[in-house]
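Just so it is clear, A, B, C and D label the chains in written order, and each chain counts residues from 1 on its own.
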């Protein structure tokens, strides 16, 4: 399943552009890692919220896809930023809270890895839906 | 105010990296435009949700900052994707719904510009907070 | 359409229990009013957030139903409380941001009416979905 | 801490009106139970979303209050309804994801108890803030 997930991630130009890596994928769970680059910052020297929300969105999609199949998109999500992120790598762990045939409600936690220690920087929750037909 | 806003946007490495442009800023309102590049796609050929959520997050921050001052961050937001985005430019218009001294609740609408026509692709709502001290 | 809406509201025991009234319903828009009673308070003397969230949820559903048909439910929503509510009546105005055949994304604003003046007390955004079959 | 929490719940007229009971409260965690009454229904015979959102909102507030002190309110939250709720009792378990001095980000899961079995019916996430001064 992880191999298939990595092929899908590699087919997302934006994820390739940001060097995102799928580090885990099993039924109901997904983990993404994104090495932090200087160009990911905001004006105060921390990681821009936009890349954290990208990471959350994408991890939610992969978690949802792990139970719904590959033809899925994020329909909506909400994110709370917990504290400013600064460090080496963003790590997002997403899991399915509940799912039917058509949609999955998922949560994720975003951490920043600094010198081997993880600190939480965001928490998100959203809905992933199956595409009804090829787009 | 627009000039100051543009300086702040120019000091965000991630916004420079994505070529985001601040096209409007007045008390209570902000508008961002992001020319769509091939590297912003997802696997189905549409704009990746992650860049739409970046755009929404940042426009919300600028709208909040227009009434709270420059030292602000997005504390949380939620976004609904309305339909797949494909086109030339993402345009986000954000406005303040209500604010006090410390925080502002803002909304924004994201459009994709295709051959001169705007179609809505996402709607977001969130909280912008003033940083209590220099970081 | 308003008459049909009122019949539906009258068939919701919880809405009857709270004396909610549907004061407007047209394609894409809904308005609810709830006279504030002493038993709706929280510990600081203001209206409990729970009744504000009920009002927002229900107004979103009616707005969605105005374009999707009567067999709808709220799938998810988010609400920001803007300031403590104290007054005579809660008024919620909801409108459809975008809809397809199966779901509608809607927003609403909640006001409290005090001596004839409305002040905003909450803002919400959510997804209304059509039930696929009779339940 | 549970005794203090119960006093606070008993001072909320809306919670008394709905017969909500605080069944657990410890640093970082809160549990509410609400016996389901016929007047809590919606038009399809299930529990109205509005009472589920009340329960989620209030459980989030108690979880936040367990680490921030008693003078707290819910600032915002989002809720996903997972499936229609029918049964004997609503049970909500909330926990703190992260907190500072002024605010806490919390999550909760709502279950419906039917013949001794719990099934999940909603999931929520939100922000609880400390009131800066007596209101």
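The rule is simple: a contact is a pair of C-beta atoms (placed from the backbone, for glycine too) under 8 Å apart; a residue touches a chain by one contact, two chains touch by 3 or more.
Just so you know, these numbers come straight off a predicted model, no measurement behind them.
> Please report the minimal path length, in steps, between subunit A and subunit C on the chain touch graph.
Graph distance in the chain contact network comes out at 1.
> By the contact definition above, name the pair with the higher C-beta contact count: B-D or A-D.
A-D
> Compare the CA centroid of subunit C with every other chain's and tell me the farthest one.
Chain A.
> Can you compute the centre-to-centre distance for subunit A and subunit D, using the mean CA position of each chain? Integer Å is fine.
For subunit A versus subunit D, the centre distance works out to 28 Å.
> Can you give the whole-Å distance between the Cα centres of subunit B and subunit D?
32
> Would you kindly tell me how far, in whole Å, the mean C-alpha position of subunit B lies from that of subunit A?
Centre-to-centre distance between subunit A and subunit B: 20 Å.
> Could you say which residues in subunit B touch two or more other chains, in rising order?
Correct list: 75-76, 78, 80, 105, 127.
> For a test of understanding, state which residues of subunit D touch subunit C in their complex under the given definition.
8, 11-18, 38-46, 48-51, 53-55, 57-58, 61, 73-81, 84, 135
> Please give the residue numbers of subunit C that touch subunit B in the complex, ascending.
78, 80, 82-83, 97-98, 100, 105, 107, 109, 120, 123-127
> Which bits of subunit D are touching subunit B when the two form their complex?
Spelled out, the residues of subunit D in touch with subunit B are 75-76, 78, 105, 127.
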